[in-house]
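Please see the structure below; I have some questions.
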Amino acid sequence: MHLPDLRADFPLLTRTVRNGKDLVYLDSGATSQRPTAVLDAVRDFEERHNGAVARGAHLLAEEATGLFESARASVATLVGASHDEIVWTENATAAMNLVASGIGNATSGIGGEESARYRIGPGDEICVTETEHHANLVPWQQLAVRTGATLRWIPVDDLGRLILDDLDSLVNDRTKVLAFTHVSNVTGVISPVATLVARAKAVGALTVLDACQSVPHLPVDVKDLDVDFAAFSGHKMLGPTGIGALYGRKELLDTLPPSVFGGGAVTIVSMESTAWHPAPTRFEAGTQPVAQAVGMGAAANYLMELGMERVEAHEREIGHLLREGVSAIPGVRLLGPVGSETERDVIGLAAFVVDGVHPHDVGQLLDDRGIAVRVGHHCAQPLHRRFGVTGSTRASAHVYTSTDDANALLAALAEVPAFFGVSV
Amino acid sequence: MSSLEQMYQQVIMDHAREGHGRGLKDPGLIQVGESHQINTTCGDEITLRVGLDGVTVGSVSWEGQGCSISQASVSVLTELVEGQSLEQAEETMEAFRALMQSKGEPLDDDREDLLGDATAFVGVGKYPARIKCAMLGWSAFKDALIHARKDQA
Amino acid sequence: MHLPDLRADFPLLTRTVRNGKDLVYLDSGATSQRPTAVLDAVRDFEERHNGAVARGAHLLAEEATGLFESARASVATLVGASHDEIVWTENATAAMNLVASGIGNATSGIGGEESARYRIGPGDEICVTETEHHANLVPWQQLAVRTGATLRWIPVDDLGRLILDDLDSLVNDRTKVLAFTHVSNVTGVISPVATLVARAKAVGALTVLDACQSVPHLPVDVKDLDVDFAAFSGHKMLGPTGIGALYGRKELLDTLPPSVFGGGAVTIVSMESTAWHPAPTRFEAGTQPVAQAVGMGAAANYLMELGMERVEAHEREIGHLLREGVSAIPGVRLLGPVGSETERDVIGLAAFVVDGVHPHDVGQLLDDRGIAVRVGHHCAQPLHRRFGVTGSTRASAHVYTSTDDANALLAALAEVPAFFGVSV
Amino acid sequence: MSSLEQMYQQVIMDHAREGHGRGLKDPGLIQVGESHQINTTCGDEITLRVGLDGVTVGSVSWEGQGCSISQASVSVLTELVEGQSLEQAEETMEAFRALMQSKGEPLDDDREDLLGDATAFVGVGKYPARIKCAMLGWSAFKDALIHARKDQA
């Protein structure tokens, strides 16, 4: 049932670092590595099929358009969407901003009456959570600045789990948008999507899901989750940088005004006015990241061949080893719950704080051992503040991560307090 | 016959020149539907008007400009569907859509019979970028029919 | 002085199309092909150095950051900018939108007092030209919708050259922005940048240059041109898709508010407020197109090694052959002037109309001969409307284009009228 | 000595623990400048205050938290520059910046003499991501000096 050893598929994992040490790559939460299948798909596109998508009358244009759209279909299939509900974006950050700016633009009169349903203003509310990555917080905070709406947020407990006690007052008749993460990139905690979506629906609020840390690691079906929008990135799911995707219900996408304007997205342009295509095209102004979309499609296919259930099982095993191991080291504090070995509650990552040792110093020692982790606030400053720290160290897994990788981290981590003269 | 010659067969060039149905006309019927469609790749536009006579397509007329494929296609369409019952017209549309998806392979005899001159468009199916051109008039017809039938209800 | 035959550097150019015909690629104005040097730089990055940029403490993160920033330096050098005046964007369209949305956001209160200088509103004017690509028209048109400012435009003559007779009234004391293209992607005409910039400066308007069709084909020095902002794309200058760049004067970039919000671009984030980095980082929210930036840097290096003066000379020769040849064919009308063989007035492309034959049909015949061109309005509907046509056929050159390519186009084009039964 | 051990030499660990100058104090001088700097990678912050006594750095004090490199670096800085003339302080800053850019190679003897304990930071130059940590206090000092000198004018 679990995954085979996939290392051979990932060229980068064979390199050595810091004087010939084997690389132990535990920074997949920041960016994953890419299998040869993805690299080759991109290279083949560039060496054989590159042409202007949806614009040319020649063979290359035809082939490029075909590959671009079939990549879209692969990504749609991965998340259970229809192909015309997937918009290509630069990354997940751009995807979430697309929704927030679209609402802002509708409020500013762009898109006209067709987009009037998206207008918000003083008296309206936008609700997020305290666990959000900056990418799903700042766009909403600034939309509130722009429109005069009020930003509210669902707090978290000491383990980073959403506190739902006041959900009914935080998400109320004035709430127009509820934006929340599917999985925290710090604690790995999986949000209670069903409860949140039900409440949003009860009050008629749009739901925007940050699926950055779920789509690469868990089976995700946007129709089952019943969210209105969901955002994720190629580079975290074994695909290239420079590409991400926004899922949106077709009827919502068709009337949300664009916020990047240019060629390809429009039907008729005069000096005075512009008419837009239906979705997804209306959001895809300018030459798209075509080769990168092809790469993201190849990554989706690679993941589907592995099977997302197996990916989840594999990563849960590694994750549990990491989280239990980290918690057991004296002087080390895990951020978030250890989680269950069998339930879907936490994904395969562990962020932690070593008493008396700054994350940069922790990361430096690990790096010296060939272990790549991330240090800092992981773009979640409010959550770290909630935990009473400025930063942490995070080890995160993906399909290629082995128990050896996890054990190497735990062994090196155990050396940290002594190395920095902290007695535990 | 090269793919190019197959695409631009004489019958297509003739239809492109003749343009059956060109010039919007008042069908003199009660149930009338109109549709405006754009091919955004090239900016071509068409406005097509349908008049229904009970369950029969009484009149088709249109106005617009475009490439020889789109012009020929709407000309053929006009000839084919004028006088057909709604049911026949649906079958014809279905057959033409199938032809466009056939990647240049001929359809079965029954559907070829249904399509008449329109079978000449078989070569277009090899060029995905041109299917939009051939479908422009047909999309307008489909949409105009919906409007005309709403008129009825 | 001219370029050697560079075809061997470009793998795609060796492929055959439509039953074994040699490819004659004349669609570089839409998207260029990439040399092996660029493809290898990207692949090497992905196979050996991929890591989280500016975020990790490990070796890969360090290497990735170094390559990402040195790519920025290469692109900056190509256009004569300082490295911190180059912002990475998804494409040129995104770059121009960044400026327009930034102004819109400043007007909506984002960025606070620091950004107040960018606010515009009713009574203010934005000036563009009739020759613009939609990417440098629609953002300004929609900014006018958003802010209540008025959009004006400089008209063109029958050959697509800007008519400057009324410049002083079109660009006046109320004008806050003058956005114009350096080179038209339809006529190839090079704009009188110095005149336009001088007038903008005289009235205190910001200048935004669409450099999409100049940076890949001519020596461009943004300091010499003295514009405030300039936008261009990687994929048109032998680089990858998914990456573009915005040049902006540092002091302007530092106070323009961002319009995409997320991680990496911010210094301190609380639930209530956000502080941004100085430029360029403030505009680079989310995981950047890192591998693509590395590719664009490699493309800049490739072009600099060729020497932009030589690139220009080579392309002018091909362009002149094309334009003169096209004009000489009975029944074919060139859009724009033939241009000089020696002066810098038109770049190496030719858009034309065949009397009585639709551009799609022209393109189809050319495609059958293995010749890839672009047909349609080339995202410049107002200009085509000005010329009294809905679309045209465009052949466009790059460093790898040969006189044989141009001659093949001319020979096939001469067959078009007869094939479609048009007598000339 | 491994690169790691070179980076975290005893003298650095000692400075990180001792933190010379920690705790903002009133310099009791007329020309005072303050600067607040953030290392945005990790969120570390420092506030550093300088008091000038004519052309002499009379007092340096600071407050903040950070990694051992940033803490040790500002501690060393405090020890080095307190009492130096402005000219000497500029030279010291220049030498430290050069050390950070040296990719782990030692500087010439003159500058090493100038840097004293700070030469121990030579190992940091091998790790570009950590140079920011080592520079945090120095950037704050440089900025605070500007403010203090403005005060004078």
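Should a chain be cited, it is by its letter among A, B, C and D, assigned in written order, with residues numbered from 1 in that chain.
Going forward, a contact is a pair of C-beta atoms (placed from the backbone, for glycine too) under 8 Å apart; a residue touches a chain by one contact, two chains touch by 3 or more.
Values in this document were obtained by computation on a predicted structure and should not be read as measured data.
Shared contact partners of chain A and chain B comprise C. Between chain B and chain D, the least number of touch steps comes to 2. Distance from the chain B centre to the chain C centre is 38 Å, each centre being the mean of its Cα atoms. Computed centre separation for the pair chain C/chain D is 45 angstrom, with centres defined by C-alpha atoms.
Rounded to whole angstrom, the centroid-to-centroid distance between chain A and chain C, based on C-alpha atoms, equals 30 Å. The multi-chain contact residues of chain A, meaning those touching 2 or more other chains, are 18, 55-57, 61, 266, 268, 359-360, 364, 375-376, 381. Residue numbers of chain B whose C-beta contacts span two or more other chains: 41, 43, 127, 130. Looking at the complex, you find that chain C touches chain B at residues 18, 357-361, 364-365, 368, 375-377, 381, 384, 390-391, 419-421.
Chain A meets chain C in the complex at residues 11-12, 15, 17-18, 23, 25, 27, 30-31, 33-34, 39, 43, 46-48, 50-52, 55-61, 90-94, 96-97, 100-101, 104-105, 108-110, 128, 130, 133-135, 137-139, 141-142, 145-147, 151, 153, 233, 235-236, 240-243, 259-264, 266, 268-274, 285-292, 359-360, 363-364, 366-367, 371-376, 379, 381-382, 385. Per the touch definition, chain D reaches chain A in the complex via residues 2-4, 7-8, 13, 17, 41-44, 65-69, 127, 130, 133. Across the complex, chain D is touched by residues 54-57, 61-62, 65-66, 266-268, 277 of chain C. Residues 38, 40-41, 43, 127-130 of chain D are the ones that touch chain C when the two sit in their complex.
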